[in-house]
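A, B, C, D and E label the chains in the order they appear, each numbered from 1.
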Amino acid sequence: MSLALSVALERPGFRLTVDQTLPADGVTAVFGPSGCGKTTLLRCIAGLERPRGRIVLDGHVVHDDADGIWVPVEARRVGLVFQDARLFAHLSVAGNLRYAARRSGATAAERDELLELLGIGALLRRAPAELSGGERQRVAIARTLLARPRVLLLDEPLSAVDEGHRREILPWLERAVAELRLPTLLVTHNLDEVVRLAGHLLLMDGGRVTAGGRLTEMLARPDLPLARREDAGAVLEARGVGYDARHHMSELRCGSTPVWLAGEHVPEGRAVRVRIHASDVTLALESPGATSALNRFQGVVETVTAEPAEGRCLVAVATDGGRLLASLSSLSRERLGIEPGRRVWAMAKTVALV
Amino acid sequence: MSLALSVALERPGFRLTVDQTLPADGVTAVFGPSGCGKTTLLRCIAGLERPRGRIVLDGHVVHDDADGIWVPVEARRVGLVFQDARLFAHLSVAGNLRYAARRSGATAAERDELLELLGIGALLRRAPAELSGGERQRVAIARTLLARPRVLLLDEPLSAVDEGHRREILPWLERAVAELRLPTLLVTHNLDEVVRLAGHLLLMDGGRVTAGGRLTEMLARPDLPLARREDAGAVLEARGVGYDARHHMSELRCGSTPVWLAGEHVPEGRAVRVRIHASDVTLALESPGATSALNRFQGVVETVTAEPAEGRCLVAVATDGGRLLASLSSLSRERLGIEPGRRVWAMAKTVALV
Amino acid sequence: LAMIPGLAGAAEIHVAVASNFTHAMQDIASRYEKTSDNEVTLAFGSTGKHYAQIVNGAPFDAFFAADVKRPRKLESGGHIVKGSRFTYAQGRIVFWSKDTDAFDDGREALKGDGIRRLAIANPRLAPYGLAARQTLEALDQWQRLQPKVVMGENIAQTYHFVASGNAPVGFVALSQVIGPDGEVSGSHWVVPESLHEPIRQQAVVLKDGQAVRDFIDFVRGPEAGAIIERYGYRRPAAE
Amino acid sequence: MLNPGDLNALVLTLQLAATTVVILLVLGTPLAWWLAHSRSRWRTLVEATVALPLVLPPTVLGFYLLLLLGPNGPVGGALVAMGGAPLAFTFAGLVVGSVVYSLPFVVQPLQNSFAAVGHGPLEAAATLGAGRRDRFFTVAVPLAARGFISAVTLGFAHTVGEFGVVLMIGGNIPGRTQVVSIAIYDHVEALDYGHAHVLSAMLLVLAFLLLCAVYWGNRRFRGVGA
Amino acid sequence: MLNPGDLNALVLTLQLAATTVVILLVLGTPLAWWLAHSRSRWRTLVEATVALPLVLPPTVLGFYLLLLLGPNGPVGGALVAMGGAPLAFTFAGLVVGSVVYSLPFVVQPLQNSFAAVGHGPLEAAATLGAGRRDRFFTVAVPLAARGFISAVTLGFAHTVGEFGVVLMIGGNIPGRTQVVSIAIYDHVEALDYGHAHVLSAMLLVLAFLLLCAVYWGNRRFRGVGA
C-alpha cells in the first residue's frame, strides 16, 4: 500500500505544499515545529480538507481536483487519531468504542485486546468528560483502531500518556502496524517514538517537507536539524547471531562488529534495528581495556560538524555496519585529534533495540 | 512562599488523598501515570474542586472545611495552565492575552517579551480555533503568566510543543520562576523537563503521593520507578571553577572530581546542577586511557539493583560529588565483577547542565 | 310545515353564531334538536372573522351575525341565499357596575365626575359599542368621557373588564347581566332604546336546504322567540 | 365536568400539536442544519424570514393564510384546480397554519445547538466510517439533544396554546377544527367562567406533566456542554 | 396611507417590545443560568413552569391576568392596598403580560447556550482573576451570544405579534395601550382590508429589516461552535 501526495492548501499566513510519495507500508514519522502544518497534512489525507492537487492511496485516486475525483472521508477508511481526542460526549467510553466497532465489524476480542493493552478496561462506563487527559487519548486510539482503517494517521497520540503506558503501547502498536501492514503517519515531538516506530521520516517546516527518507539515513545525517537534538543518534541494521540466556543478552552482528543487546532475545538470523545515541558514543584512538562499554566499532571518521558556539561537535564515523554519530566536546576532539579520515574506535555502552 | 496541602477528594472509582507540604519556592514536578490524579490535585489547589481538608498557601489558609474557610479561585491568584489550553473562543489571541493582563495590570512590555519568547507574535489576530495544538498551548502559557499569579500550576504545558520551542521556553520559564520566586507545580511526562526545571519531585500513583523530596535525591534512588526509565540518571551539584573560551567549555568540580561541560559558560563559583544519564555512565575497574569520556569519577559501588528479566542492572556509585547511577548489562556486570563495596571508575562522556 | 320526525332524514346544520348570542343559541339549538332529527353544530366567534371565513369558503349553512353591516355585505357580495336576511334579535345595552353601591341613577352618574374608567365595546367593530357611543353622544358626554374609555374588542371582553372590577363601570349587553329571573345584579341602568340606533342582529342563510330552512323557521317561531327574550334581547319588530 | 365537546377538543388539540411537531421537526431540522452550517449570503435573509410570521398577530396571520389557502387564494385555488380540496376549515389547514406559526421556535434552538456541536465530532465520526446521514443521526442529533428538547417543547406548547391562526383558518368547527384553546376561549367569551377554569386547569396540568416528563427524560442526555 | 393612530400604535409597539425584551433579559438571564447549572430537584419543575403559560390561549391567559391584576385579584389588590394603581389598561400592564407570555422564548435559548458554554471557560477566567460577575459578563455572555440573539429576536418578534394578552389587559387605549397588532386586528375585523394590508406590510418590512440587522450583526460573533 502506498500513499502519493501532491497537495497545496492556502490559509491566511500559511501555505501547505507537499509533493511526496510515502513508502508502501510501515510507519512514517512526521516531525517538525509547532504550526508547521503536520495536522493540516493529515487532515488533507483523511479528506477533512480539500486542497488543490491529487492524493493516491494504495493505487486508488481518492482526490484529484483536475479530474474532479473526491472520495469522501468515510469511504477512505483512513483512521485519524485527533490531537484533541474528540470523543463523542454523548456516549460512554464503551459507546465510543462500539461506534467504531459496529461500522467496521471489529470483534469483541479485538476490543478486549485493546482495552487490556491501553489500560482502559475500567473506564468503559465513564463519560468522556470524566476522563483524565491521558485516558482520553488512549480511548481515542482504541476507537480509531477498532474502525479497522486501511491507513493510520496518528496526531501526537501519546503526548499526554505517561512513560509507563507509552512503553506498553508502543511495541504493541509497532507489531499491530506491522502485522496489518498498515501504512501509518505518526506526528510526534518525541524522537524516541519516531525511532521506535518509524521506518521513514518526513521533516516539515513552514508548510513544506524539508527532508524525507529512510529513518536510518535521516538520523545519521549530521546536516539535518535532528542531529542538533540532545537525543540525536544513529540507527543501524543488525542481525541476530546468538543468545545468552543466563544474562538475557542477544549477540548481534552489525556489519562485522559484534553488538550486545541486553534484555532482549533476538532469534538467530532475525534482522533488527538498533539505536545508538550520539551522546552514548565514546571515541578512542586505540582499543580500550576492560570497561562496561561492550560494543566497539572500528571505523573511519567521515565528517566532523563543529558547532563552536556550543563547544561540541558531531562526528560521523563510517563503520562496516553503517554510519554512527558521536557527539564530542571540542576539547575531546582536539585532544584526540579527530579529523576526517582518521581511524577510530567508537564505543557504545548501550545499544537499544528500536 | 509555601504550600501545605492536606486534602481528600472522592470520585466514583477514584480517591485523591494528599498530605504534603511543598517547598517554599522553585519548581516541584508532579510525576505519575495517566489518571493518577495530577490534574485533580492542581484543581484542588486552584480552588476548582472542593476537597475535604485544608490548603495553606503562603501562610494564608485558602481552604479549610473545618473552619469553613474558602477563598474563591479568582482571589487565590493561582495561575493554572490547563491541560487543554481553554482559550476563550470568542476572543482573538490578543484578546485572550489582554483578558489576563487587564486584570493583573501586566504591562505591554511583559506581553511583548512573552510573545517573543513563545513565538506567538504573528498569531495575535487569530481566533483560537485557527491555531495549531502547540500554538494553543503556548498562548495559554502566555495568558497565565500575564495574570501575574503568586503560584503557578502547569498541567503538561509543553506536551504539544516541539523540541525547538521547548528548548527556548524551558530556560526562560526556569529563570522567570526563579526571579519571581513563584512556587510552581509542573505536571509532565517528560523527565527532561522535570530535571531541567524542578528542584523537588512528587511521585503520584492511584491518587496518593508515593514519594516526594529533593530532585537530586529522588533521581538517584534506584528503588523508585524513575530509575526504570530509559532516561534515568542522577543529578549532581557542582560548582564552576574555570572556563576554556577556545573550546567553549566550563570546568566544574563535583566533589573533588573535575567535570567538563561543553557549550556553556559557568562563572567561577556559581553552583549548578548537572545531569548524568545512567545509560551514559561506563564503569571500569582501572583508570581508562585516552577516550572522549572526559569525566571520570572515582567511587564505591553502593547497591546493584538487578533486573534479571531485562538483562540489565542499575548500579548506584557513591562518589564524593554525590551518588551516580549507571545502567549496565548483566553481562558487563559479571565480567567486571561489580558488587557492592567494589571501587570503580565511573566515566561519563557527557554531562548536561540542567 | 312542522317536520314529521324520521321522514326528512337526519341532517347536520352548521351555523356560525356571534359570540354574544352563545347562550341563547345553545338553548334554541337544543330545543330544536328535541323537535327534529337534524343536528345543529354551532361555531361561535366574532362576526368580522366569520365574515372573512364565509367569503373564503367556510362550510356554514347559516350565519347569525352581531350586526347588520356584515350580513348586508355578504348579501351584496352574493354569498347568501336571496332574501334570507332577517333580524333575529335586537340587543339592549346596560350601563352597569358590579358594585351595587356604584350609582343609583345611571344617567346622572354618567354626567357626574365619579367615573374613573368606562368600558365600552369597540364602536368600530361591535354594534353594542356603537350604541354605547351613541348613548354617550346623546347625553352629550362623549367628548368629556372619551379619555376615560377602555375598549373591549367585543362585548364579552367589555363585560370581563367590568366584571373583574378593572373598569368600575361600563356599557354591557343586557343579555350578559340578566339573571334567570329577569333581575340584574349590581348597579345598572338599562339604556332606553331612544338614545341609540337599534342594535339589530341579523342572520342569513348561506346554503339553501330543507334542514336549514326548517331551523330558521324554528328560530323565527314563538318558542325560540321566548328564549331570545329571556336572554335579554328584544324580539325584532315585524319586518 | 367536561362535556363531550371539550373532550373532543382536547383530543383534537393533542393530535394537532403532535402532528405539527412532527412536521416541524421534519422541515425544521434540515433548515436549521443549513442555517447553522451555511456560509451563503442568503442565510441572513432566510433566518429573518423564518422569524417573520411571529410579528403578525396570529389572527391576522390566520387571515392571510385564509386568503392564501381558501378556494379563491393562490394555494387553495391551485389545490382545487388539481382536484384537491382547499385546506381552509380542515384539520390539514390547521396543521399548515400551526407549522408556519411555530416554525421559528423549532428552527432557532436546533440551529443554535447544531452550531454548538460544531464540526469536530462530525469529522471524528466520518473518519470512523460514518456516512453523512449516519453521522447526522448518530452524532449531530444526540449532541444537539437540548436543542431538540427545546424545539419539541416550545413547538408543542405553542401549538397547544396557539389560537388566532387556528380560529381563523379552522372556523371553530366542533370535532373537526375546534381545538381546546378555542373551546376555552368560547367559554370565556360566553362568560361561562366555571367551565373555562376547569378546562384551563386540565390543560395546564396535562401540559405540566408532559413538560416535566420531557425535561426529566432530558436529564439523562449528555448533550453539548451537559 | 397610515393614519396618526396607526403610527402611534407602531411606536407604542416598538416601545413595548423593547421594554419587554429588556425586562425579559434581566429576568430570564439569571433564571436561564440557574436552570443551566443547577442540580436541584426543583429544576425540572421550574423548567416546566416557565413553558407553561404558552399552552394557554393568549386571550385566556390575558383573561386570567385580568383577574389577577384587577383590584379584586391577589396581585392587583395587593398593589392597591400598598397605595399603587392597578395595572390593567396601562402600559405597565401590557409589559407584565408580554413578559409572562414571552418568557420561555427567552429562557430556553439562553439556558441551552449557557449549558453549551459549560464550566471550562469560566474556570479558566476564574484562574485569571475574574470574579463571578466579571466572568459572567466577559466570558459566559459573549460565548452564549447565539442564545442571546435567539432570545432577543424571538422575544421581540413574539411581543410585537402578541395580541391576545395585550388585547385583554390593554383596553385598546389609543396612544397608551393600542399596539399595532390590535390596530391591524381591528382593521381586519372591521373589514377594512386595505388598511390591514398596508399596516401588515409595514410591520413585516420593519421587522424584516430589524431581524436582518440583528442576524447580520451576529455573524461577527464567535460564539460556542461558531
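Rule of thumb we're sticking to: contacts are C-beta pairs under 8 Å (C-beta built on N, C-alpha and C of every residue); 3 or more make two chains touch, one makes a residue touch a chain.
Not measured: the values here are computed from a predicted model.
If you take subunit C and subunit E together, the chains in touch with both are D. Fewest steps needed to get from subunit A to subunit B, stepping only to touching chains, is 1.
Ranking all chains by how far their C-alpha centres lie from the centre of subunit A, first place goes to C. Work out the mean CA point of subunit A and of subunit E, and you get 60 Å between them.
Centre to centre, using the average C-alpha position, subunit D and subunit E are separated by 19 Å. Rounded to whole angstrom, the centroid-to-centroid distance between subunit C and subunit D, based on C-alpha atoms, equals 35 Å. In terms of their C-alpha centroids, the spacing between subunit B and subunit C amounts to 91 Å. Multi-chain contact residues of subunit A (touching two or more other chains): 84. Annotation for subunit E: residues touching 2 or more other chains are 63, 182, 185, 188, 223-224, 226. The multi-chain contact residues of subunit C, meaning those touching 2 or more other chains, are 49, 52, 157, 160.
All chain pairs that count as touching, in label order, are A-B, A-D, B-E, C-D, C-E, D-E.
Residues 11, 13, 32-35, 38-39, 83-84, 119, 122, 130-135, 138, 155-156, 159-166, 189, 191-192, 225, 229-230, 244, 246-249, 260, 262-264, 277, 279-286, 288-294, 307-312, 326-336, 347, 349-350, 352 of subunit B touch subunit A in their complex. Residues 14, 16, 19, 22-23, 41-45, 49, 52-53, 55-60, 154, 156-157, 159-160, 163, 176 of subunit C are the ones touching subunit D in the complex.
Residue ranges of subunit D in contact with subunit E, taken from their complex: 43-45, 47-49, 51-61, 63-64, 104-105, 108-109, 112-113, 115-118, 146-147, 150, 153-154, 157-158, 160-164, 181-182, 184-185, 188, 196, 200, 203-204, 207-208, 211-212, 215-216, 219, 223-226.
Of all the residues in subunit D, the ones that touch subunit C in their complex are 59, 63, 66-67, 70-73, 76, 86, 88-89, 167-168, 171-175, 178, 186, 188-192.
By the touch criterion given at the top, residues 120-121, 123-132, 134-135, 138-139, 142-143, 145, 221-224, 226 of subunit E touch subunit B in their complex.
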